[in-house]
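First subunit A sits with subunit B, and in the next complex the same chain sits with subunit C.
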Partner chain A sequence: MTLPRPFELERPTTLDEAADLLRRMDGESALYAGGTELLILLKHRAIRPRSLIDLKRIDGLGDIRATDERLVIGATVTHRTLERAPDVGAGWPLVAGAIRHVANIRVRNAGTVGGNLAFADPHSDPATLFMAFDASVRLVAADGARTLSLGELAHAPYETARRPDEILAAVSLQRWPEGAVGAYLKFGLYERPTATVAVALFLDGTRSTVRDARIVVGSVGPRAVRLHVAERAVAGEPLGRLAPRLDEIAAAATRDLETMRDLHGAPDYKRELARVCVRRALAVATARARGEQADERHPHTIIV
Partner chain B sequence: MRITRDIALSASPANVWPTLWDVARMVECVPGCVDATEIEPRRRYAARMTQQVGPIRVSIPLDIEVTEEKPGWCLVLKAKGRDALVATGVSVTVRLDLGPREAGSSLRLDAEWRVLGQVAALGHPIIQRRAEGMVDEFAARLERALGR
Partner chain C sequence: MNAIRTRSSFDVRLIVNGQPWELHVPAHALLLDVLRDRLGLKGAKRSCDVQVCGACTVLVDGAPVSACTYLAVEADGRQVRTVEGLGDDGGLAPLQQAFIDGGAVQCGFCTPGMLMAATALLAEDPAPSREAIVQHLRGNICRCTGYSKIVDAVLACARQDSR
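Coming up: the complex of A and B.
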């Protein structure tokens, strides 16, 4: 590792100013939020921007806004801030609980939610978790803004639909309906998880049948994805009939899952791991839906 | 790393073959290729490839040598280069076999390449995925170029 090449540091205080700088630099600048990934790339000289645009002084980007319908997280909110925000802990406990297990304390203290999503590491915890909340991101450029779902944002490892002149300003999570239950499971031998699964079960008025579901798997393939096959299999099922079918549902949902070889393992191993993790996460969520304590404890596995 | 693709083209082999030697049209067809020049006709060329792989952008000057030509149906070329600023090198051997098919022609592309340095650190699956995307894009652009 060497020193980064020299660069100018721009410190805008408004989003408009930052977007204008980004446009004028025409691809020759990089956005700087937490810097946990950016500084490594700079020190390796893997990227060579003429300037860094520091987003941390921009009004509003460090805000967390929890309403009855949504949780809006500004791009420069750190994982640690999100984890410790009282509104998030009280109203969005799965988010606070899962974010507490991102990487390590140093990364959580510096790394930002926006940076994490914009970097599009396939092993991102927030990407998997937030898709269970039907999250969307707001992208702002000098010539306007647009909103993309998380599924539309990341299309390949480290590659997103964000244009070079756009700033990821915020991510917005949709509150689950009253009575919904969820679970987040991550398996990993290293700091970056090998498999991540987020489950949300929306129950009907009697709390005995699953009305709808969101099931997301990440870290095993190029990006986090919704398992629509499993969601359809779960929707409309009485809780009592669901428990004995979890093996079958998880197997069907992951049979054609796109997995990718990396340092964590081969594609077949990842698919099998995804199957097991989906079953376990569903078991936890269905137990919670029945008002029971989930009896799922496994090595190298964190369940929130 | 290796990619093999059978590309179906609607133009006849007699129309495809000269296009493969047309530097300006190949620059249009190869994703990320800019500044190609002929150094020695049908033997040596120079080009610059730019690619964004994940967060890393590379700009690699390539020396391209045609190592084999069977006029009208086979072409083998080797290319190599290095982006010193990003400490990334690439070498590639491409074999193109052209043949007729019912409506048009079939172009078999067989590419074997090595990537070394910073970009290689992203891992084989990510680079392979990008390379496969480039070959698909090349096929689509070539079909469009032949249709003009």
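Coming up: the complex of A and C.
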């Protein structure tokens, strides 16, 4: 067992102070919120910052704002707070339902949404889920702020477009149009999911045809990605015609998917797993679109 | 910016199992080490050290956290509860008795964490379903694989409480 090397703890109360500190520390500081990922790195001495900048006392970073158009989640909101927020449960049930299954109760109590996205573990539930909501993050530095989509943020495992002087301040999810249905599916035998799939079907006014879709797969490759091939394949399709084609759509969408070897398995296995999980998640979403109960039940699989 | 206080150690005031403490701790001290090595509370265990096994579970203001991956300074101004603080006046809490009655203890290493996690669940929902208990305890690992009796014990205790 290793213990963290000594560090100092800084506790700014405004984003400006934090950004200024981060700039002045010039790479010698690490941003700290829940610590669920960071403290493990410190214990293993994988990183050795001189100080931690605690973001939890910064005004506004712990807020959740739900409007007609979007859900804005401050970076230091814990998974547990998000899962239990009444506005989220009522207006964003797929988010509340899926976040309830992140890791375990202890991680959800301490770990933050911003930390999860900034850490960019490829096996992240929020990264997959939020891409189905066209999510973007706000990055704040001493000399200005910018907004990136989640697709632009995550580059590779544990690597993001965030510059060392930037703070991930919030993530913003777009509300789906009226008549949308969604599904979230995760498969895994371990603490972190082995495959994650988020599906949104945007239905037309008659609720009989898919107008547009978001289909996201994560955990199997270096980062969560939208399956544009599958999205195009379901767009414009009447629901009745879709059901028998799900196998074919899932296969075509995952044939060239970039997957990754890690403790969860080999690239070929991951691709096959993605195919099966995408098909199952689509089956759930299309059943819901027809107003039916999805009867998909599979071992080691959570469906929200 | 000079108002920001950068420090390598802190005075913290916390209440552990009802008893107030004032401690001076380094910024990098983990709550688990403070509880075990400074306060002599050996119930919470260091095991996986990566928040997967749950053997170090304690409650901070009622919420289960992994004491192995939680800075002691974060407990400043808060109530910490460990397995040693579950019973009253040297007696056992109903949940502890339910574990004994139901044979929900094998080697015992995971037991303090199981008890703390289940205590938090019952405080929030006095009559959880079996499914809710399983979902809540899925982050607590029992390497003896005695899960059925652990869930049974929580369920038995829940029913008594909810009558």
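Operating definition for what follows: the second predicted complex is superposed on the first by the 304 of 304 C-alpha atoms of A that agree within 3 Å, B and C clash if a C-alpha of one lies under 4 Å from a C-alpha of the other, contacts with A are read in each partner's own complex, and residues count from 1 in each chain.
The working rule: contacts are C-beta pairs under 8 Å (C-beta built on N, C-alpha and C of every residue); 3 or more make two chains touch, one makes a residue touch a chain.
All of these numbers come straight from a predicted model, not from anything done at the bench.
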First (subunit B), second (subunit C), both or neither touched by A:V95: neither
Chain touching more of subunit A, residue-wise (subunit B, subunit C): C
Touching partner for A:A156 - first (subunit B), second (subunit C), both, neither: first
Partner chain in contact with A:P12 - subunit B first, subunit C second, else both or neither: second
Partner chain(s) touched by A:L3 [first = subunit B, second = subunit C, both, neither]: second
First, second, both or neither for A:P222, with subunit B first and subunit C second: first
Intersection of subunit A interface sets (partners subunit B, subunit C): none
Subunit B residues within the subunit A interface of the complex: 52-57, 85-87, 118-119, 121-126, 129-130
Complex interface listing, subunit A residues touching subunit B: 37, 41, 44-48, 119, 156-159, 222, 260-263
Residue numbers on subunit A that touch subunit C, as the complex places them: 1, 3-12, 17, 20-21, 35-36, 39-40, 42-43, 51-52, 80, 100-101, 103-107, 109-110, 191
Touching residues on subunit C, where the partner in the complex is subunit A: 1, 4-8, 10, 26-28, 30, 33, 46, 49-52, 54, 57, 63-66, 69-71, 73, 117, 120, 135-136, 138-140
